Amino acid sequence: MKRLSYFILIFVLAILVIPALAGAQGKEAPNLKVMADTVWVLITATLVFFMNAGFATVESGLCRAKNAVNILSKNVIVFCVTSLAFWAVGFSLMFADGNPFLGLDGFFLLGLDNSPAVGEAYKGIYSSLNWTSVPLYAKFFFQLVFAGTAATIVSGAVAERIKYFSFFAFSFLMGALIYPIQGHWIWGGGWLSQLGFKDFAGSTVVHSIGGWAALVGASLLGPRLGKYGSDGKITPIPGHNLGMATIGAFILWIGWFGFNGGSTMAADPQPISLIILNTNMAAAAGGVAATFASYLALGKPDLSMLLNGILAGLVGITAGADGATVPGSIVIGLVAGVLVVFSVIFFDRIKVDDPVGAISVHLVNGVWGTFAVGLFHREVGLFYGGGPKQLLIQIAGILAVAIFSSLANLIVWKIIRKAMGLRVSEEEEMEGLDIGEHGMEAYPDFSLKL
Amino acid sequence: MKKIEAIIKPFKLDEVKNALTKIGIQGMTVSEVRGFGRQKGHTETYRGTEYSIDFLPKSKIELIVIDELVPQVIETIERAAKTGKIGDGKIFLSPVDEVIRIRTGERGKEAI
Amino acid sequence: MKRLSYFILIFVLAILVIPALAGAQGKEAPNLKVMADTVWVLITATLVFFMNAGFATVESGLCRAKNAVNILSKNVIVFCVTSLAFWAVGFSLMFADGNPFLGLDGFFLLGLDNSPAVGEAYKGIYSSLNWTSVPLYAKFFFQLVFAGTAATIVSGAVAERIKYFSFFAFSFLMGALIYPIQGHWIWGGGWLSQLGFKDFAGSTVVHSIGGWAALVGASLLGPRLGKYGSDGKITPIPGHNLGMATIGAFILWIGWFGFNGGSTMAADPQPISLIILNTNMAAAAGGVAATFASYLALGKPDLSMLLNGILAGLVGITAGADGATVPGSIVIGLVAGVLVVFSVIFFDRIKVDDPVGAISVHLVNGVWGTFAVGLFHREVGLFYGGGPKQLLIQIAGILAVAIFSSLANLIVWKIIRKAMGLRVSEEEEMEGLDIGEHGMEAYPDFSLKL
Amino acid sequence: MKRLSYFILIFVLAILVIPALAGAQGKEAPNLKVMADTVWVLITATLVFFMNAGFATVESGLCRAKNAVNILSKNVIVFCVTSLAFWAVGFSLMFADGNPFLGLDGFFLLGLDNSPAVGEAYKGIYSSLNWTSVPLYAKFFFQLVFAGTAATIVSGAVAERIKYFSFFAFSFLMGALIYPIQGHWIWGGGWLSQLGFKDFAGSTVVHSIGGWAALVGASLLGPRLGKYGSDGKITPIPGHNLGMATIGAFILWIGWFGFNGGSTMAADPQPISLIILNTNMAAAAGGVAATFASYLALGKPDLSMLLNGILAGLVGITAGADGATVPGSIVIGLVAGVLVVFSVIFFDRIKVDDPVGAISVHLVNGVWGTFAVGLFHREVGLFYGGGPKQLLIQIAGILAVAIFSSLANLIVWKIIRKAMGLRVSEEEEMEGLDIGEHGMEAYPDFSLKL
Amino acid sequence: MKKIEAIIKPFKLDEVKNALTKIGIQGMTVSEVRGFGRQKGHTETYRGTEYSIDFLPKSKIELIVIDELVPQVIETIERAAKTGKIGDGKIFLSPVDEVIRIRTGERGKEAI
Amino acid sequence: MKKIEAIIKPFKLDEVKNALTKIGIQGMTVSEVRGFGRQKGHTETYRGTEYSIDFLPKSKIELIVIDELVPQVIETIERAAKTGKIGDGKIFLSPVDEVIRIRTGERGKEAI
């Protein structure tokens, strides 16, 4: 708590001493391309923002009623916290000029910038974003909703047992440090981008990075009470509201049109049409594949797997939505839909308890999507005669993020564990975190089976 | 006076209620319960792991009747609730010492 | 199942042998009108896509808790399946060059096309869409979300008793054949369009066609167990979650702004403003009319009727949103709101069991909306001095679709019944399809009355 | 009821005698700025429309299960009714030429108008909107969704005890009279706008005006049965579904991007980017502040307070989203988040029973946001060297609205009370309004604790 | 020892609980039930068809008391639960042979 | 025959059920109840006002057994349900006159 109050304090101070900048940017004659691009970027950013509602509903729907308030609270606060963290620190570390490993300027969004000027005309310190002709605040907002997504991925994997304020602290550090540093390597002009690593809309940057944090967090926390019997038997803990989970999956799906479609940061007709179509086809293919995979492997078509399959397809196409063909996207989605089913089963077997499948969806398919660029990119992909070079670069990027993420998350989670503890008491977990952490119930008028 | 408790299949509730009404029963109390018995539950699968649901939804009817009515009520419930398949449920009969109608303070037979 | 696996197989093969096409379309200097049109079409398509979430929530909300997983699954998978079916076959049958009855070229979206070129400049095989200046993939995606809507309409009417994979198969055939063939007649340059039939955004193409499939399906399936007593008494089966149903109606309403607004496939300021306003006013009028109709006829303002009234107004204005005036739209909506109430009661009386009112909303008001064009079109409508000609053409179209749809659906449903069966067993229906078809429950933590 | 039928009658007559106007506006050569502006306005209006779903879910989630159908019905019908009322009367009173107190022309949207012509080129009677280059119908639709918001705010504060048709009548009068008259003063070229009063997107126009109506309504109705013991003890009445409430808060948040972002009514890149970012940062800050305020003051982080904190931040930034800097917006949001927590407690203490916190969110923070313009406006704000002048003007506006609103609402609510009664019977309230007013239940399959 | 079961109107639950606490009762068990009785249910309409809901929500209180307390407890429940309107509910009294407190293994009076 | 009612902590239900199955019990009926007892409820806060929730969720197991089994069943429940912390719950024993299996019409011991 002290640590947090301290951050808050700094914020408030920062705010009070900061001069008024916003008005500085003068009014120009209407540049119609800039208008169209900005409309596109802001609307797609709004769609990405909406994914927060999708995560909140998917995750709370797939957990138990007694923890619903807690999960919802986490999914709401995580974006609030990331907004402040990414504004204060993250955006600069990620996109400001600096070295191949870190941006080092323009904190609190106060760096020099003459956007929407582009290319040579751009004069400012966020040069890694000088290719898009939208105002700085539009760039920031679009990047912010991505940072929020990376942070919120973690929430589901650590659900039903993590302390509320520990998660709050982690969210802050995720948005301020872990996400932006690695983001800098890939999207901020850092060493991986110089190497030629391709990750169009963030299969690695957003989803794998979020997924690694989820994996480390879930492993350190250990499984929920009662999930694994002493005899090693797995006791499923069914989600309490599959209607909410389904609403959430649809919201994520539409959010993804913004996620991938907006990542051009320009309203270029041909690319955005292709990207949105690819996104849709991979999702659809993922859903169909997961249905059949769960039908064949498990006997019945599991709705939660169908939803996970769609999300897996979406994560899988994210890195290559601009480079894949439509049939290629369908194949990427089909593989993702099968992968996610077996990945969920796999992590359950090795006793990493991930209530909502976040690791299988975001990490496993984030890796798959990044890898798939090396296969399916219609210019440099192996299957299209591009040779193995891109594939090797993709693997390098995957490994780099794997190593850094594991370490960084281990350190950060352990510090938080030391400072504030990670897991609620057994009693609280049994009674439900809603009463323990928040003193309230999600469904007080309903008779529940506990 | 006796208390008759019947654990029945939920979809038979309306039929039983109607049958009881027909023989003149004017009051009963029903609750949702979960039954464990010879009728095995079903298997559900959730995210790749099968598990068995041992408890099945049942409805419990409780009604207090005067001693004379007991055989008729039991027979009526039996007839209306029976499907002949396992899990049809049970009827339990037990003693009751006194009944009071809260509204009027009436006791005994008058209160039923 | 075999049939399905077979289709899947063909897909996968098709995908692997298809050359990379997507990149073929070169990069042009930014054409600002194309930019604005594409942004408009993609965003409105996204709104239409969102209607899937609306259908899922309205339909599951108006059914029972024990079937919620099944209905949600159907509403999710139907769009996945339609995506693949419409990509492989449907789009070509509907929009490719061919004869007045069928398009016959360019399957798997592989036909020649130089969009966004328009009119004379257009060189390609999807000439029926040569009037809109957006890239092919944007055209396809916009049309795809419409096909998905037609298919998903059916889901509600056959709910709580249809086998999951039978519905899966029907969805495929709806998206691949039934919808696109008739769509070709009206929007693909076929015989009805040559006749002068007007259906701006699809009161007939989407809603009536979906509604006919729903009517035939619901009739063949027969009513749910317990709905009609042996003495002919109707036992209402109330929906289990009116909160979800309401969310769904709102989502459908906003989706409709995309549905009608985007059907210009161009960001023309005057028309799109009028269309969106007309859409809203008809919906509002439908809601008010249904409230009073249900209040006066039934004694109390029924929320499910209010929601149906809004949807009825939306379906009603769909054909004429471009041609009606604002007051005209209000009248169309008012009539729709009254119609839907009495239609729901009527179908209940004749023992066609439609748990969510899909037939009354989509078929009855699809017909009404199509008919209303002949009355309210501000150039050719009867009420605006246009004479009866348009009205007669509209009636011709309504009848043509009625005849073809009845037959086609009868055949398709019967084939599916033969091949895989249509209806779950009585026992499964009683216990709920969630356990029978999916082996899971929607609300495992809640005490339910069954 | 009679009164209402009467209005309906007038509508229908109006509709039938109205000549077809819509087509009058000819087709021009594509003006690309008008295209972009119109796309922006229509899409942001759609987002604002979506707020209806947000209000419906927040409000029903924060009330009891036994009243859910009623609250949902109110939140659906209120927008239907406002659509008709604002079309027939409200828009004219608000934006048509007239005097400083009232617009007096162009009812039923029939006034002369040559939009999208702007400035001098504009010839028409809605001159107060001659600054935006979009078609009249786009202007109307955007303003309509704002009017709907003002009306729907009331719904939550009077929930769980007001008669359905009395609320229906109030909604009509709100959309036809109370809202537009005051709106004219500020946005319709009236006396407050001439004075220099600044309310960019409606902290006062929409939120305070809605909030005053809520305060007067809730006070006249009195608290819900059982809320305040005879000994003055407060018995909290917890909301029945915090999942729905959370979905609603997210929907409102994204709706607000449209609310503030669209209020430029033009797709100007710099302003809309700043506005949307400011909106987001104030919301995030409000959420964080409310979390800590409720944690410190009440012991635990209350989810309903977190949600209210976000909404408070959004209401707070509404008046100044164009004029504040990013850090300024954060401060405005932080204050709002703290304010709302203590305001909720305050109104509870003084026994104004507001089940959802509408008064604290919309009225208190509407006032705060309006006031904050005088402090934080980067040109004329006190903190930015602008002196106290603007602040005094803001206070004048706040007071004017306070006085007029109190009186107008008192009169309107009392007339309705006289004519149709305001509150349901004690028995109905105890049993729940769903059965009493609508004859149905929201969750018939669930076992409820009553 | 006796078991007292009271079926009451749900909104009276808190009042009854408080009244019982005041006379020294330290334990009871409550469940949500549905009652059918002379108090008729209400009519609901759903999509154009009326139907009657015969079962009304009630709360059932079960408590075990020593014989001496029976009259006082009954009287207390009667007083607190009574509205005088139809549907106030019933109290049933029945014999109990033994009570055991799981935590300690105590039996009989000690266990109540 | 006797009726054994046990009010236990909900998370102990599976354990108790398994223990009972092990000693050969083939049927029981379970319901969700709310308990008021020495174990105090918890305080919740809602929008600034604290309030106490006096009723805690409990599970109630009802089972009818033949007289000879009573001690063993009680002992089994006691063992499986015990945590030693307050609120572990109670077991009530009461007489039953008759049991009927609806499916077959069997009565008495055969019907259990």
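For reference, chains read A, B, C, D, E and F in written order, and residue numbers begin at 1 within each chain.
FYI, a residue touches a chain if its C-beta (ideal position, glycine included) is under 8 Å from a C-beta of that chain, and two chains touch if they have at least 3 such contacts.
Model, not experiment: these values are computed from the prediction.
Engineer: What is the graph distance from chain B to chain D, where chains are linked when they touch?
Structural biologist: Minimal hop count between chain B and chain D: 2.
Engineer: Just to confirm, which listed pair, D-F, C-E or B-C, duplicates the contacts seen in A-F for more than half of them?
Structural biologist: Over half of the A-F contact pairs recur in B-C.
Engineer: Could you check if the interface between copies chain A and chain D is built from the same residues on both sides, meaning over half shared, or from different ones?
Structural biologist: Chain A and chain D contact each other through largely non-matching residue numbers.
Engineer: Could you tell me the distance, in whole angstrom, between the mean C-alpha positions of chain A and chain E?
Structural biologist: Once rounded, the distance between the two centres reads 52 Å.
Engineer: Find the geometric centre of each of chain D and chain E from their Cα atoms only, then give the gap between the two centres in Å, rounded to an integer.
Structural biologist: Chain centres of chain D and chain E, defined by C-alpha means, are spaced 46 Å apart.
Engineer: Please compute the C-alpha centroid of chain B, do the same for chain F, then give the distance between them in whole Å.
Structural biologist: So the centroids are 18 Å from each other.
Engineer: If I count partner chains per residue in chain A, which residues reach a count of at least 2?
Structural biologist: In chain A, 32, 36, 39, 43, 238, 241, 247, 299-300, 302, 304, 439-441, 443, 446-450 touch at least two other chains.
Engineer: I need the residues of chain F touching at least two other chains; which ones are they?
Structural biologist: Residues 31-32, 44-46, 94-95 of chain F each touch two or more of the other chains.
Engineer: What are all the chain pairs that meet the touch criterion?
Structural biologist: Touch list across chains, by label: A-B, A-C, A-D, A-F, B-C, B-E, B-F, C-D, C-E, D-E, D-F, E-F.
Engineer: Would you tell me which residues of chain D are touching chain E in their complex?
Structural biologist: Against chain E, chain D makes touches at 226, 430-431, 435, 439-441, 447-450.
Engineer: Could you please specify the touching residues of chain A with respect to chain D in the complex?
Structural biologist: Touch list, chain A to chain D: 5, 8, 11-12, 14-16, 18, 20-23, 25, 27, 30-32, 34-39, 42-43, 45-46, 49-50, 52-53, 56-57, 60-61, 68-69, 72-73, 75-77, 79-81, 83-84, 87, 108-109, 116, 134-138, 140-141, 144, 164, 241, 244, 247, 437-447.
Engineer: What does chain E use to touch chain B in their complex?
Structural biologist: It is residues 2, 6-8, 31-38, 54-55, 58, 60, 74, 77-78, 81-95 of chain E that touch chain B.
Engineer: Taking the complex as given, what residues does chain F use to touch chain D?
Structural biologist: Chain F residues touching chain D: 44-51.
Engineer: Show which residues of chain B lie in contact with chain C when the two form their complex.
Structural biologist: 10-11, 32, 42-46, 57
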